Amino acid sequence: MSDKNKMAPAKFDGMKDDDMVEIHSNLGREKHPPTKGFLVAPLIFVFVFGCLIFVCSIQLAHSTNSFQVHPPQEIVELTEEEKEALRLERKLDSGKKIFTSKCASCHQPNGLGIATQYPPLAGSEWVSANPELITKIILKGLKGEITVKGEKYGTSPAANMVAVPINDREIANVSTYVRNAWGNSASEVFESDVADIRRNTAGQNEQWIGEALQSEYLSGASTE
Amino acid sequence: MKFTAEQIIDKSAKWVISFFIASAGLWLLAAALLAYCAAAKLTDPFFLSTFEFFTYGKVKIAQANAFVYGWGGNSIFAVSIWIIARLAQAELRGRFLLIASGIIWNVGITLGLMGILDGHMNAHEMLEMPREIWPLLFISYSVIASFIIVTHRSRSKHETIAPQWFILASLLWFPALFIIAWNGLEINPARGTLQAVLSMWFGQSLIWLWLTPFALGVAYYLIPAITGRPIDKYYLAIFGFWCIALLAPWSVVHHLEGGPVPMWIPAIGTVMSIAMIFPIAVASTNFHATAFKDIDIVWNNLPLRFVIFGTLSYTISSYIGVVFSLPAVAKLTQFSIINEFHFNQRVYGFFSMIVFGAVYHMLPRITGKDIPVGAKSFHFWTSALGVLMLLLAYLIGGLTHGVLAQQPSLDWASSVIASIRPYFLITQIAFVILGFSQLVFVINIWKVLFPNPFQFLNNSSNDSAKNAVA
Amino acid sequence: MNNIFKFSIGILSALAFAWLAFVIGARKQFGDLEPTSSILEDNGSIPEGAELFPKQIAGIAQQGAKEYISLGCTTCHTQQVRLEDSGFDVERGWGKRPSVARDYIFHEDITIGNTRVGPDLANIGLRSYSKEWLHQHLFEPQSLISESICPPSPFLYEEKDFDTNNAIKLKEDQIDKPRFIVPSLRANRIVSYLESLKQDYELPEMSFIQQDEEIIETSELSTVSESKNSDSNLSKLPTWLASQIASGKEIYMKAAPGGGLCFTCHQPTGLGLPGQFPPLAGSDWVLGDKERLIKISMHGLMGEIEVNGVKYNNVMAPPGIPPGSLTDQQIADVLTYIRNDWGNSASSVSPAEVANIRSTVKDRAPMQMWTSAELKSN
């Protein structure tokens, strides 16, 4: 029973079990027979195996997060200035969004308002004055005649500004934005200050009188 | 009249194997019915919805368990017993205990499935059956495996070959996995997502380390047995075997990509499943280089046709599986119905087809009666059609599902799910075809196993001797 | 290979490598996680008095978890928000941040799932579904989401023709025969469990993901005036009406894509701006003909109109961001809202009515605003 005979069966009557065990055991024991073209196959397998090991090692080194328990968190080290700049940038972004959604419908996205109806904010002395002013207006609203950049607004009792129902953080953000947009340049408004003003004016249910605020904050002694 | 060794072995194993094959066939039909119910519920959610027994989740899980433990378990027992006995050239020992254990196994699964449908399901993958029946399964399995090993040890030739390695490995891995899972999930349960890791490890390993090596072993036996040629490049088989042994237990956890577990777990899983390319290539070369030397015999011999369908399906789908384990692809498809593609490919396209081939090869030798070629061919074509429809529907549907799911603007029900409902309909039709083909299979084997159902009352014992076939 | 004992040792050792890593090693690494505070001190310790997360869930929710498993919900739903690099979950709004291992330490059975035929549920408690909605979804998902393939669970409820204590009215488009369901104890457990599913706290290893769009929603506004129809009153209304009003209010107050931008002119108080924007509270237009309102909601309004005897002459862009983009359902909801707040009480508007009107005006250009004359004559 040479192996050569078993390689080419005479008819398809299968292989007996004890023959199977014997033949395959022999095959397993022998080194591969040196027939032509046969050596190519194992080389291919060695190559494939090698590539796999290489690819897998790289993937393994890359994606195991050093066997840590917790997922990777990007920790970016910023200098103090960078942190401050980032904070301010986020505040202005937030303020812009609030402005667009709550204020722009009247004061317009370009801050120019509508003549005789809504005062402009760009270049307005009301905006750049003491931050208390803008905070108070947003908190409670404003009624009565006022003068902004030389023009009169609020001449009819109908044209008032209602209180904007947003929280302290949002007031601080939108005020800071308005005070620094369209060429304006004024100091930041802080949430804690807004909270103080809110607390101090808690009992007030009416809108501010425009004239009163105008005389308090804008009559010559403008403070930053 | 002198009997050959094969005839003696077959005769000794006849009743045991008949019992297991018959049970396997019944479980196959039960699983087919449950599969149809599940698929129908996806196309029409109101199908049987008033019955609490048949919520979609329960039916789906019951089907998976019936298929893997019922059909898979019984057919593994039947075919393993036969192949190990034949290769050992030894008579089967412990027949009574084997049948008794088989009965306990089947009773256990029946109770388990009733438990699932009654609402006592666990949250563990492939261990959803109530924990009270786990001891039944473990003990009956251990008895059966012991006797198979005893039969193996009484072999005359000392050397072992590939079919034996794969089949014995699968036999031994199951209890090891079971004990580890039992301990880690019930006796000494892990806390938090560690439980999920173990649950997934067990559920997937059941497929990769129990069903798959067994089916590979059967293919390593049947291809030389039918074609008469030894396995081509057989010296690679040992490498392939040990690669599966070392890599597969690691590769199964890649489904946890991005999940609430440390990153190294799915990372290792992905890497090892890429590395699995090597053993898949080895097995594929062994099988196909041998079988395709004579295309005629692949075509004309029905059992071999089934086996080669299975091995081709294994090769192609395993490579597809490797692609889907890459993180870039898994991002899309990890939670889509591609998972169904993987599961059904493994159990229907690969495992079942190889078992069908083994059963058709084995039964005529055991019972002495042949099954008409037309019947087997009909079974083959309906199976192939059903399997291909099913797999294509899940593959394309799964890709659609994954791609649509990742677009945040698409509403879930009206866009994502609505787009894959046609694929669910196709799977429903596929399950009807598969159910029908499985019915054909069961009829084929029952006709051979129990040709005269009432003859056992007469207790004639020389049937197989008269019609012995080598 | 030939000796069965050596062979067994060989293959079991091969298995043991993986076992050592995934069972033993992993257990050592993260099997003992404890709750911790959102931010740790510099030396890694927990600040004194800090709140610890995650928290235990209530008993009824624990029971609900068992019901969830026994009904097989894990077959279709996952409960994990993946890392950003590995998935689109956070983008889809399924969580404020990816899930981590610590989130699950108080779950007795881990149900993170592996397939999403249905959406992820890890943070379903955070999404704005009311108890009634969840119950109705559990009873018959198709009554809320017509394309859903989630299986109905009618066996968890008792269906009745009449309203009783604890009954939930099913929301339907046409109310020809009202249906009520009474949840069973099991249904209540499941809904409690779903409501408890939220990962709304930060942990040292994972903080909330900054979303690109900071959407300012009504829920963040701190001083919204209480309208007459407060939430407690809403519960006295039929559920479907209450939910339509709640949804309409959200649209009215929302200034981001998907909203109506109504309050910026008509004010949150519905009083409008005298001389500029007419009021909606007590307005004869709002309480009157629905067709007129629907048309304005689609194309806007311009020119002189008289509301409650007062003349206004202005331009109203059709509500929505961008203008005119509200869907039939949204128009129906917001009109129902304005007809039922600030003392108003009028019949609701249904999406079907809106669709009807839309089909009659489909040839009209999108920004061709209505005039008072046109609306009166129709």
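Order as written gives the chain letters A, B and C; numbering starts at 1 within each chain.
Here is the rule we go by: contacts are C-beta pairs under 8 Å (C-beta built on N, C-alpha and C of every residue); 3 or more make two chains touch, one makes a residue touch a chain.
Quantities reported herein were computed from a predicted structural model and do not represent experimental measurements.
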Greatest Cα-centre separation from chain A belongs to chain B
Most central chain, judged by mean Cα position vs. mean of all protein Cα atoms, is C
Per the C-alpha centroid definition, the whole-Å distance linking chain A and chain B comes out as 48
Cα centre of chain A to Cα centre of chain C, whole Å, reads 22
CA centroids of chain B and chain C: separation to the nearest Å works out as 43
Flagged in chain A as touching 2+ other chains are 67, 69-71
Contacts with two or more other chains occur in chain C at residues 29-30, 83, 98, 100-101
Among chain B residues, those touching two or more other chains are 159-160, 238, 262, 268, 327
Within the complex, chain B is touched by chain A residues 3, 6-7, 9, 12-18, 20-25, 27-28, 30, 32, 41-42, 45, 48-49, 52-53, 55-56, 59-60, 63-72
In the complex, the residues of chain B that touch chain C are 41-43, 45-46, 49-52, 55-61, 119-123, 125, 149, 152-153, 158-160, 165, 168-169, 172-173, 176-177, 180, 184, 190-201, 209, 238, 242, 245-246, 249-250, 253, 255, 257-262, 265, 268, 327, 330-331, 334-337, 339-340, 405-408, 412-414, 417-418, 421, 424
The answer for chain B against chain A in the complex is residues 5-6, 86-87, 89, 157, 159-162, 221, 224-231, 233-238, 262-264, 267-268, 270-272, 274-275, 277-278, 281-282, 285, 294, 297, 301, 327
Per the touch rule above, chain A residues touching chain C in the complex are 67, 69-71, 73, 93-94, 97-98, 100-102, 105-106, 117, 156-160, 162-163, 165-167, 170
Chain B partner, complex, touching residues on chain C are 1-2, 4, 7-8, 10-12, 14-15, 17-19, 21-23, 26-27, 29-33, 69-76, 78, 80, 82-83, 85-88, 91-93, 98-105, 107, 109-119, 141-142, 145-155
